[in-house]
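Two complexes come next, and they have one chain in common, chain A, joined by chain B in the first and chain C in the second.
Showing the complex of A and B:
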């Protein structure tokens, strides 16, 4: 049985790859090239690479320059984020918890701000000391949580029958989509402080979150609009005939369905946002990529840039894959429901 | 339309009016003392000058200068916050008041100092650098002429890029610049052989070379492309703060000249207090003369500075000396009495 299968596969293999002399030649060359590449990579990984820049700096990569004795705070926040992600994928048995999951998600932002900035009994930490993965997550979570409601609002405004509202929101969305993200970020980091009167200061982390929110909300609005347009108009009419008012239609019919339809696109936005936070490293925030570059400047680790960048790439890869998996489970669950 | 425009003009007048009146009343120096903390802009990505150590603390020569400032102004080197800045945003950060002092490997130039330019005020030079070119030993390149039609890796957005262009253009040597945003990218692509030479400040070249697999296989050419006097900077409209910063740097240099170190400072203070005839030492350490008060600091600010960081020589040794990770010979960074360029006006 197995032999037959192998034989069949082998035949197929021969048919595709070893059909004539040209194909033979190409196959041999390719196999050789792949072999050499693997050998080189393996050789580098085992023999030449030095991972001290990564191994001795793991806490720095995660917490940045956060005071050492206070590192439990970002740790608790990241852990509670993970927990709530897990709860969203695998819904808990208790109904009250399931009902309040949204509130818990919204509560993550004040919790994060409290744990990171401190105050109210715990030591205050300035945002200059935020860094590494903590800062990357803070930027992603805050920007996406702010951008989602704004995006939903913009999408509804764009569908509105009021001319001014409709025009304003479409002008906003179109102009935001016509500007590259890096320009918006430069605006946030370099121009906003110049416009503010002296003495009034918004810290750079919030300026970044502001710029990301402005940008991403325009894209989210378009994703949601796609979802809204996919809902058949008959549903709204039947809702009206059932006596639901405008708000109820939005609350019970439009938002849940459009969010469900837009979920894959929204996942895309979050993953894109997560990766785009690395742009902040050229604007002076020491997030994951930025902290990697600061560590590379340490004379002890000069020249280990390949190792550090491989490490950073794998961290980004793992987190993005987790996000994608989470969205996949969520999609599956919502379809059944 | 007309109304809108005049409205905008009025608003901007109002804002600028507010900001200028704000600036005149208070010096940044008083603000720092009131806040009890100095905010210092650093790079965080330059070996030997400012980088993150394993314990998550910034280290380097630029960082030690920040510590000296904090010790001199606030009285405690620990009352200090760092703000990592990129080359592009460093001047905006001073103008907007996000940082008090910039100690970020910044070259002192006319256009940065002038009110028509960046409007900064530079403290005395803390490091005399010059731009150089590094090549591989086996390439047999001996001087700039040999680099004809070769490609050179260069970091963009700094004076480095402009200098190499000026030199090659004035000598009419065609060359091919390959620009990178980041210092580590420059050395990476140089090592991969994408360009036959890399250019940067000599201190940077030396520190990059120390991390190469075979440091002896690379040489830094004798040709000097430019002068790069690196010095801390602050807002140009604030003379009071600029004075304080200036004399804190001079404190470091004078301390080395007088042989006062972190170790013997207590002894020297005792000596000065007991011997009324040691006039210049007494003035320097604030026993007599009340010099500190004249620049808005405590009279014994020099003692705090030296206790925090040691004298200039100690700072240099710690970050760039023989036993440090980035070894650079002191050359023009010696004191003037030893044939270098560091010189401090008298504390009188």
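Showing the complex of A and C:
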């Protein structure tokens, strides 16, 4: 009885794997290659790898050179971000909390600035001490939160019936999308000070956030525009016939629907932004990749390139995968509602 | 009445915009006067006085900045062209294996795509450079003098490539191929299932059917996605600076560090990228038109 079942399963397995002679050949080669790769990797992991560069520097990777006795501050901020992410995915039972989720999200930025920079009773920390995952998250959260409303605004401007508004916003969007990100970041770091009046200075973290916002908002605008175009025109007509005015149509009909349609694209933008914050390591901020680079430059950890890169890649990979899963879950939930 | 209102609204917006730009330019002029730089392009003709390890045309430190920028452009175009071709080939293979019936191939290619897409390109480039080439040390790969890979780069049929170029080329190709793979898979999926069934019932082999029936119909859906991936590839090539390949951005950066002419260099960079973008878009549009023409002919 059992044998028959196993035999049947085996046959099915064979049918799937070994479709024809070419596939037969490919499967065998691939299995062989995977086996060798696993063996080599295993051998390297057991015998040759040295993880001291990673294991002794975990706090550095997470907090950068943030003062040691103050590290609870970024920790609290990251934890509250995680909590609010969780709350947005799994909606809480309390209605007041659900209604104020947006305000809570917006409140994350001032909270983060307060906790990281200090002041008002807690010790102030200079922005040059920010680093590691904390800085990466700060850049991602602030830039995406600023870029979303600007992007929505630009998308509506591009659809506007006013010629000037339409032209200006489309020139902005198209030129931003034609330029490499590193050029925009470079603009943020070196050229913004030239455009500011004498005496006014912005610190480099905020210049980076500004540059990321400029760049990402153009991409978000195009995604939202795609969402707007997918909304059937009859919806606007029916809203008009119900007596809604222009602003009400935008607020209740167009924005929620276009956001829902554009959600997958927007998630990709946030994931892309999270990865692209690594470019700041070329331009002088020590975020996650920058910390990795400076640790590798330390003669104590010489030659541990593979270990550090694997560690960094897995951190980026895990966070990006979590973001993607979150978005997928949210998408599913919004579709049912 | 309504028309006047709209007209004045637009006029106010234009005035506000001009005012904002005016303030910024005013600040810029004040700052440039303060730093004693001014705004001109005469410095382009001065000797560059830096050496470049990678140059297709003869270059020495006594050549002008303009010549250095041209060399940078040639370097950029070289790496873009190489990776464009290689990533397309790799992307087609991955896209096709994503739609393969062999579960093993399907799983491997989908793992490849997710892994490549969810780690930063900069990290990948550094990996290829520091681990892939400089990490080889004494070990090297040698296939009977046709293909040699060692710390000096790649040598292929006597064509020798520097490690910087090779790392950038491989990194960009691998990264872009994951995205191209998804584009191609999307295109193939967009072809109706009935088409597959009908070519099979006509007795065409899988491969013939794929080439003669499925791919021609998938192309109109593939080309726009491919265009945007090519544009991204061109833009991403500016990350060359992280591994010391002297592309257009890296040379601009060096010049800015030497002369402090940030505004002028930035304008040059923007203009050149605008031209590159426009030429890629135009080229792909022409290909698109060609395909559409053929499509009509087939139909």
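FYI, the second predicted complex is superposed on the first by the 298 of 337 C-alpha atoms of A that agree within 3 Å, B and C clash if a C-alpha of one lies under 4 Å from a C-alpha of the other, contacts with A are read in each partner's own complex, and residues count from 1 in each chain.
Methods note: a contact is a pair of C-beta atoms (placed from the backbone, for glycine too) under 8 Å apart; a residue touches a chain by one contact, two chains touch by 3 or more.
Because the structure is predicted, anything quoted here is derived from the model rather than measured.
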Can A:90 be said to touch chain B (first), chain C (second), both, or neither? neither
Using the touch definition from the top, say if A:196 reaches chain B (first), chain C (second), both or neither. both
A:242 in the overlay: touching chain B, chain C, both, or neither? Say first, second, both or neither. neither
Looking at the overlay, does A:47 come into contact with chain B only (first), chain C only (second), both, or neither? neither
May I ask you to decide whether A:313 touches chain B, chain C, both, or neither, giving the answer as first, second, both or neither? second
Should A:163 be classified as contacting the first partner (chain B), the second (chain C), both, or neither? second
Of the partners chain B and chain C, which touch A:305 in the superposed model: first, second, both, neither? both
Taking the superposition as given, does A:324 touch the first partner, chain B, the second, chain C, both, or neither? second
Could you look at A:282 and tell me whether it touches chain B, chain C, both or neither (first, second, both, neither)? both
Quick check on my understanding: which residues of chain A belong to both its chain B contact set and its chain C contact set? 190, 193-198, 282, 293, 296, 305-306
Quick one: which bits of chain B touch chain A in the complex? Just the residue numbers, please. 15, 18-19, 22-23, 39, 43-48, 50-58, 81-86, 88-89, 92-93, 95-98, 181-184, 187-188, 207-208, 210-213, 324-326
Residues of chain A that touch chain B when the two form their complex: 56-57, 59-60, 63-66, 68, 126, 128-129, 189-190, 193-199, 201, 204, 282-286, 290-291, 293-306
Under the definition above, what is the set of chain A residues touching chain C in their complex? 16-17, 19, 23, 26-27, 30-31, 34, 162-165, 168, 175, 178-183, 186-187, 190-191, 193-198, 271, 275-276, 278-279, 281-282, 289, 293, 296, 305-306, 309, 312-313, 316-317, 320-321, 324
Under the stated contact criterion, what part of chain C meets chain A in this complex? 6, 9-10, 13-14, 17, 24, 27-28, 30-32, 34, 101-105, 108, 114-115, 117-123, 126-127, 130-131, 135, 231, 235-236, 238-239, 241-242, 249, 253, 256, 262-263, 266, 269-270, 273-274, 277
